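Below are two complexes that have subunit A in common, paired first with subunit B and then with subunit C.
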Partner chain A sequence: MLEVRGLQVRYGKVRAVQDVTLDVAAGEIVALIGANGAGKSSTMHAICGIERPAAGQIRFQGQDITRLPAYRILRQGIAQVPEGRLIFGGLTIEENLRLGAHGAAQRSGGVDMAAVLELFPALAERLDERASVLSGGQAQMLALARGLMANPKLLLLDEPSLGLAPVAVQEVFRLIQSLRDRGVTILLVEQNVRQALSVADRGYVLEGGRIILEGRADTLVRDEHLVSAYMGLKPAATAG
Partner chain B sequence: MDPYLVSVLSNIGMISFIALSAYLLLLTGEISFGQQAYFAISAYGSGIATAMWGWPFWAGLLWGATLAGLAATLVAIPTLRLRGLYFSIATLAFAEMVRLVFEIFTYQVEIDGELVGPDGSDGFRDIRYIYDSNVTAFEYMLVIYGLLALVLIGFFVLERARLGSVFRMIGEDPMLTEMQGLNATAYKVLAAAMAGVIAGIGGGLYAHLTTYVEPKIFNVMLGVHSLAYGLIGGLGTALGPLLGVGIDIGFLESIRAISGYRMIVFGGLVAVLLIIRPRGILDEATVHWLRRRWRRWIHAQD
Partner chain C sequence: MVDFIQNCLDGVMVGSSYALLAIGFTLIFGVMRRLNLSYGPSIMLGAFVGTLVYLEFQMGGFAVAVATVIGAVLAGIYVERLCFWAIRQGAAVASMVSSFAIWMQLEEIVTVFFPERTYPFPPLADRTAIEIGPFFLKLENLIMFACAAGLTVLLQVLLYRTRFGLALRAVSENPRAARFMGINIGRVTFWAFALASALGGVAAYLIIGTDAQITPLFGLWATFKGLIAMMLGGMGSIPGAILGGLLLGVVEAQSTWYLGTEYRDLAAYALLFLFLVFRPGGLMGQVAAERERAALRRV
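Take a look at the complex of A and B:
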């Protein structure tokens, strides 16, 4: 479904992404893991059109989307839920959702908001409130719901658990799980490696702007390098 | 009606157009210091049409507003692609350029043995259509407020329509808006064009009320004030900039005891409000709160 070949992203002279090649097949959840500054977000930004790649090619459903502007990439069916729970605080929750449906409306006549809200009962009760009153976890839920309103073929999730309370993190991953059951294809960027690999089918490990490791999620979890580099400091790992 | 009151109210009405024009751009997050350019272009354009070409008032006004909208679009297309301060600086530069062009722009024809038309820095006299048609100052004030009401209705429709939400989204975060599949730049150009037309309506009305325009009226202070009206009155509703105009012209300028200190009081007011209410008196949170109260009250009546 998504093919990224030899991607390079530069900010001035700094090469954030050196050479990334990855694939996402329909129905898969693929995790992109790595430390801060490994190039995860830059890769995501290049896919969704916010950042122009310096080199390489991005194809989606066989079409070259490398140089399309962000708004046209969404219309192709790739929605991104950006890092930092970005929502439109000045608008109501309903407005946030309805405008997320814009991409879907361009393609197919819109998605059913009620169907999306079934996944987010907490939002359903507060549709006419300003989005700025939401807590961190709820704001992330709204950002996710807005992404789904675009009825995407591929959903890019950039650090959905970042900065959330543990309960909210659980909720986010439960949601990702239920999206997989509905057959949504997801490319997930996470620092929370254990959690990410527990929901993903496959994973890529980024370091210094390059893919250094790839494989099935259940194999990666057992990879020594990965465990020591990214999970070694996690309480769960030290306890076990 | 007291002629002084009529003249103050007419002034408030005309300035409201340029305040609304700056407000529309503020919604999309763009700060324009140059809406006076479109006010000026339409003042000259509509004046030329009625006083020199013999067009009727409404055709002249439409022509002036169209010219203003076109000019605004042409300025917006190259500048709104840029981010940050560039648009503000470009609008300021364009407005000063327009003013300087009118300083040397001379185009006169002889009508009834007299030369009529813009004469460079001496200005453009005898835009007499309204007086020649025996329209009283009071009637003309009604014309101003009739048009203002139409523009306001347009704004209220916009607020409830998708387009209004899109403008506010762009104002909050243009990049995130693009990620929703919306071409933020195209919407900004649309907002700039609409803002140009609105300022243009005000300019055309102004020229026909005063019968005389000169380039120095359209200096940067007019633009800065227009911008300040929305910031004082509030960015939550189109009534915000009108409140700003009311406070400045209706209150500060009209009360003669303090009129000499108007600029000092006005400047202080802007500074204080920017600290305590950065998005003005009627800001989004207040307007949203009022709307919910109002809806609940309506429900309670049922």
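Take a look at the complex of A and C:
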């Protein structure tokens, strides 16, 4: 479904992504793992068109999308739930959700808000409230719901558990699990390696802007290098 | 007391046109976070297109108004393409400085084609006044106020009831997040400029119609009034722009009455000075400043 070949992303002279090649097949959940600054978010931004790649190719459903602007890529069916959630605090929850469907509206139909809200009963009761009143966990739920409003074929999740309390982290991963049951294809960036690999089918490990390891999630979990490098960090240590 | 209230009434009505100018500035500043100094001059150019229609084709009020708005929108789009779209990757100050350069250019263009300084403009209404108890309301001021109020309501509907309005508010609040929503920022900015210029065109028609004459200096005048009203209200807030415009109108009316015409602008600048020292965020700016800080935290 998604093919990334030799991707390179630069910020001025800094090369955030050196050479990334990865694939995501339809119906899969793929985890992208790595330390801070390894190039995970830059890879995600290049896929959805927020950053323009310096080199390499990105194909989605057989079409070259490497140099398309972000709003055209979203119309093709790739939505991103960005790191830090980027909720519009001054707008209502309903307006945030409608914005999620904004880019996809030109594509066939978009999605029914009621159908999305079935997954998020807590949001359904508060549609008219300003989004700024939401707690971190609730705001993440809104960000996820907003991403689903685009009715994406491929959903990019950038650090969905970052900065959340442990209970909220559990809720986020339960939701990812239920999205998989509905057949949504997901590319997931996470620092919470153990959790990420527990929901993913396959994983890629990024270091210094390159893929250094890839494989099935259940194999990666047992990989010694990975365990020593990332899993010594307890998830709770990054929660705030 | 009667004088004071009369001045307030006059001030609010004239101030409603300042509010339109301030809203125009605010819309542009909101989506771009950049200041368009050329806003006044571009609607001045529009007003001269209106004058042309008036003088050359002897057409009346409505045709002149339409010509003014069309001229203002075209000039506004010209400024947007040149000073904002073309250098959108560059520093914000580059846009501001180039909009100043285009200001000079627009003024020169008008001076070349209209070499005499002053030209007639169709008056908004005859000089009748309506008497209500001890107060007098000039017909032209009433028309101005009614048009400004009507447009503000229409704008509110556009911003809060349409897809474009939602996208515009999203871009104003957080352009980066708006890109993740698949909003075409360039297109929203373009239409925000066109919308602001159209509002400015109507404001120009109302204001110049009250004077029944136009000079190229109107550009400078409109930029000043709009900027001051926006800063009084708080940068980036539309309710603030409305309040700022009305406040500016009232202060001008009061100072004209009690101190004399020569002190009118001085009073306006003194008010702006006091605001900048004691309440730099403006009337509604605290809210906008909060939002700005929140947006920065999110980055």
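Details
Rule of thumb we're sticking to: the second predicted complex is superposed on the first by the 231 of 240 C-alpha atoms of A that agree within 3 Å, B and C clash if a C-alpha of one lies under 4 Å from a C-alpha of the other, contacts with A are read in each partner's own complex, and residues count from 1 in each chain.
Here is the rule we use: contacts are C-beta pairs under 8 Å (C-beta built on N, C-alpha and C of every residue); 3 or more make two chains touch, one makes a residue touch a chain.
Computed from a predicted structure; not experimentally measured.
Partners subunit B and subunit C clash in the overlay (superposition on subunit A). With both structures placed on the common chain, the touch criterion links A:Asp128 to subunit B but leaves subunit C unconnected. Applying the stated contact rule after C-alpha superposition, one finds that A:Ile50 touches each of subunit B and subunit C. Shared interface residues of subunit A, touching subunit B in one complex and subunit C in the other, are 48, 50, 69-71, 74-75, 79-80, 82, 86, 88-91, 95, 98-100, 102-103, 132, 146, 150. Subunit A makes touch with subunit C in their complex at residues 48, 50, 69-71, 73-75, 79-80, 82, 84-91, 95, 98-100, 102-105, 132, 146, 150. Those residues of subunit B whose C-beta lies close enough to touch subunit A in the complex are 162, 165-166, 168-169, 171-173, 175-176, 178-184, 284-285, 288, 292.
Touching subunit A in their complex are the following residues of subunit C: 163, 166-167, 169-170, 173-174, 176-184, 291, 294, 298-299. Looking at the complex, you find that subunit A touches subunit B at residues 48-50, 69-72, 74-75, 79-80, 82, 86, 88-92, 95, 98-100, 102-103, 106, 128, 130, 132, 146, 150.
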